[in-house]
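Consider the two complexes below, in which subunit A is the common component and subunit B and subunit C are the respective partners.
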Partner chain A sequence: MLAELINPYYLQVASFILINIILGVSIYITLSTGQLSLANAGFMGIGAYTSALLTLNFDLPIIVGIFAGTLLAGLFGILIGIPTLRLQGVYLAIVTLGFGEVIRVIFVNWESMTKGAVGLSGIPHMGREILNTLRGFGFDPKILGLQNNQFVFLAIFLILLVATISIITFFRRQNRSRVGRAFAAIKLDEKAAESMGINITYYKVLAFAQGALVAGFAGTLFAHVLAYISPADFAYHRAVEILIFAVFGGSEVIWGPVFGALFLTAMPEVLRFISEYRYMIYGLIIIIMMAVRPQGLIDVNILNWVKLKTSRRGQKHGTSSQKSM
Partner chain B sequence: MVLQVKKACKNFGGLSALSDVSFSINQGEIFGLIGPNGAGKTTMFNLITSMFTPTSGEIIFNEDNINGLKPHLITKKGICRTFQNIRLFPQMTAEENVMVGEHCRSKSGVISSVFRTKSQRKEEDRIHSKANELLEFVGLGGYAEVVSDSLAYGQQRRLEIARALASSPQLLLLDEPAAGMNETETSELFHLIKKIQEQGITVLLIEHDMPLVMRLCDRIAVLNFGKKIAEGTPAEIQNNPDVIEAYLGSEEEDLYA
Partner chain C sequence: MLIEQLINGITLGSIYAIVALGFTLVFGVLGIINMAHGEIFMFGAFIGVVVTSTFKGPLWLAFLAAILVTAAMGYMLERFALRPLRNKQGVSHLAPLISTIGVSILLENLSHHIFGPGNHPFRASFAEISFQIGSITVYLVQIVIFVISVLLMYALSFWLGKTKAGKALRATAENLETASLLGVDVKRTITMTVIIASAMGGIAGILVGMAFNSVTPQMGLSIGLKGLAIIILGGMGNVKGAMAGGLILGLAETFVVVYGDSGYKDAIAFVAIIVILLIRPQGLFGQKISA
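Presenting the complex of A and B:
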């Protein structure tokens, strides 16, 4: 019964959706201090390559690779965040986009290490590693009535789901704290925030580094889910794709980019014939959103409306809980 | 003495916005800074709060030289300001605006905020209740949840004062708090500033509403074209010929005009 429901293809699509949601969150974090960074594809690449190379060349466990890749991306976030503090708006976007391209070019040209444009293949696969480890303890997916590949994709999906939920929870809590208020104040009026005693240098670099950490983390997951990466995965297209999640879904609340990533990753899968025109559609989306709904689909008003609807329904059924959001 | 400004100069390129301005403010007084438009009053505020660094001269707060400190450190030392053109955080509620003001008097970081440690929750409670007290104090008791953008103009001015008070300043700088207010609002503002003084907070006030300045201030300094032309009690200032000339022009000028 369970076995028939678990389709590896759907699980894989769901896994990509989750990775994209994490990427969407990463651009949201830097945007929440008013900084538009397009470097997240680059940070993602740093995470992916670091983890892949460590696990391929040194036989390190995947978890070590994930940690190292995430931290290195975060470190680069600090390195890029400090000199770009003086830049705002378009200028920051241009510089960070340039950084992403520099990273890609390094991946292409550092052939002795990265195998250039061919990319790295045979990266340890997260699901298979888990299966092998469990097998060592005498576990067999058949106990659950699953085939091997079903188990592999299910394991990946569950790990990504836990990771995504943890990240969203982390940043929702941060948002509703002193740190989140500082971020919002900087976004709304940097000078006023500074005069109210907020160390804007610290918080802007913090946001940049957090964005880089999360993007790098998504990159490491990407490498170990796909088992194959190449510089093209982290090129300009990826940077734009991540940006679209925030433009389409909205960047006022964390649910904006989450929804954007979910919808825009699922759409080409559901409507197969669309997927070839994907980048044209992205372009259209940017133009339409600019004109019609610059704040994105999901904003505070929509959330309040949803809250109102759901809490009313809850009261009817007697399951209303105060302050659920 | 809370604040001493010693021979402060500020040049913008070849233009001298302030030259050799000196004055000092005593603990607990309301000190007025007046002068015609463009006299350099707001520039003075920007020097005190380190939004500009002085070209020369010293600014001393509680015996410490605060020249060149970062603006957020000035706030931490105990100087906070409001702005001539209101600069609230528009999409935040009134309460959130005040809560931001408490930033430098609280210290929870990322980790304690995400894991909601006991001390963090205590601190959040404290921030909440203080924000509401301050809203009550400036007469915005029922407006905690209102987005600051949709408050009336006079209310926004008072909210800015509440936000500045949230940083527990020793010295509060008010930049034209009565601008655009009607008479009732101005008289409410008068009582509010008096109440602030009663709390032991020293106030430095820029204001164009002369009746308010004269009733409110203990001492006044007058700036004109970047120079201090007079200093003294309201009565002395009102009878100072230089001040009268600065505001009304001299009779000779009238002849040639």
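Presenting the complex of A and C:
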């Protein structure tokens, strides 16, 4: 029963959707302080390459690689963030774009380490490593009635799902905290926020570093799910792709980029003929969204409307009217 | 050897300067970074390839066709991606930047579909002609590129400085509202600026095609990003700064290839902008703006 439902291909697509959701969250965090960072593709690359190289060259467990890659990306976020956050608006966007390009050029040219434009292959695969470890304890996927590769992709999917939900939960909670309110204040008016006693440099660097950390984390997952990475994976197109999750879905609430990533990753898979024109459609979406609905599809009004609808329905059926408050 | 490299650097730099001028005009007037400029430039180069290789047309026809097509693209860019965002309440100042990123990604993939992904050679009939001055070899192509660039820069400076339309443009750049109060047709000036900037991009596209003898859909991105780096280097919206910045970057890249690691050539521009923005954010030739 379970075995028939689980299709490795769908699980793989779902895993990429989850990774893209994490990337969408990473750009949302910096945008929530009103800054556009296009460096997240670069941070993703740092995370991916760090983790891949550590696990390939030193036979470290994947989990150590993921931690190291994530932390290094976050560290770079702080290092880049402190000087560049003196810049505002378009200047910041360009510098972060430039940073991403520098990272890419380094990946291409540091051939002794990164194998250049060819990329790294044979990176330990997260699902297979889990399967091997469990086998060591005498576990066999057949107990669950699953094929080996079904189990592998299911394991990856579940791990990513847990990671994604934890990240979203964390940032939803952060939004309602002192930090989140500081971010919102800075986004609305930097000078006013500063005069209210908010340390804007600290919070801006914090947002930038959090974005880098999350993007780096997504990068490490990307490396161990795909088992192959190359510098082209983290170039300008990736930066634009991450940006469009937030532009399309919306950057006012965390559900915006989550929806954007979900919809835009699933769309080319569902509508096969579209995938060839994917980036052209992305371009059109960006232009149209900016002209028609610059805040993105999902904003605070939509969320309130959805909440209202669901609570009304709850009242009509006489259930959960208290829960929806 | 040194002088030859110097000539190479100046040739490259004068092309970069033309690309950067397109950016700087639009930024000066609209305060917008036009991320699609590189792709419009790439389309100009492809029009040149189509005219000279496919239809075996002469070079001047290629220039004319490229100018017409890129000017039309500039108009469409202004009409559909920039104008809807202007004077709209509650639009973030990042919106035009994001919108032009959309145009850039659309155009790049459009050219993938129209022209194909590969490398297209650009055959100028005089590509092989060279002169021998002492021990130095100078190619005719280099001279043509240099002369066209200088003419273009001179014409632009003249137009900006001496003509009524140029004055209107500078007034609009200084202050949009005041210019409009003083009777400048701001809307027309803006449209004209974007069109002229795009047409210059088209000319630069053909020059690059001639210089490197290759045209690809990806070149828009790499040259476009360098153009961005140059206007930051020279000071945003500063015409003379863009020219000087272009020359500096062209020379720097040429000498890195000769004396350093050619692989890192493309990173110079970005390292330069990161350093410049941190040390001298107004650019090498920019005025310090008091806060």
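Simple rule for what comes next: the second predicted complex is superposed on the first by the 316 of 325 C-alpha atoms of A that agree within 3 Å, B and C clash if a C-alpha of one lies under 4 Å from a C-alpha of the other, contacts with A are read in each partner's own complex, and residues count from 1 in each chain.
The rule is simple: contacts are C-beta pairs under 8 Å (C-beta built on N, C-alpha and C of every residue); 3 or more make two chains touch, one makes a residue touch a chain.
Not measured: the values here are computed from a predicted model.
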item: First, second, both or neither for A:227, with subunit B first and subunit C second; value: neither
item: Contacts of A:13 with subunit B and subunit C, given as first, second, both or neither; value: neither
item: First (subunit B), second (subunit C), both or neither touched by A:195; value: first
item: Contacts of A:173 with subunit B and subunit C, given as first, second, both or neither; value: first
item: Contacts of A:206 with subunit B and subunit C, given as first, second, both or neither; value: first
item: Touched partner set for A:78, first subunit B, second subunit C, both or neither; value: neither
item: Subunit B versus subunit C as contact partner of A:185, first or second or both or neither; value: first
item: Contacts of A:101 with subunit B and subunit C, given as first, second, both or neither; value: second
item: Superposition-derived comparison: subunit B or subunit C, residues of subunit A touched; value: C
item: Subunit A residues contacted in one complex by subunit B, in the other by subunit C; value: none
item: Subunit C residues touching subunit A - in the complex, by the definition given at the top; value: 33, 80-81, 84-85, 88, 90-99, 101-110, 113, 221, 225, 228-229, 232, 261, 263-264, 266-267, 269-271, 273-274, 277-278, 281
item: For the subunit B and subunit A complex, residues of the former touching the latter; value: 49, 51, 70-72, 75-76, 80-81, 83, 87-92, 96, 99-101, 103-110, 113-114, 116, 120, 123-124, 127, 163-164, 167
item: Touching residues on subunit A, where the partner in the complex is subunit C; value: 34, 36, 83-84, 86-87, 89-91, 93-95, 97-99, 101-102, 105-106, 108-109, 236-237, 240, 243, 247, 277, 279-280, 282-287, 290-292, 294
item: Complex interface listing, subunit A residues touching subunit B; value: 170, 173-174, 177-182, 184-185, 188-189, 191-200, 206, 300
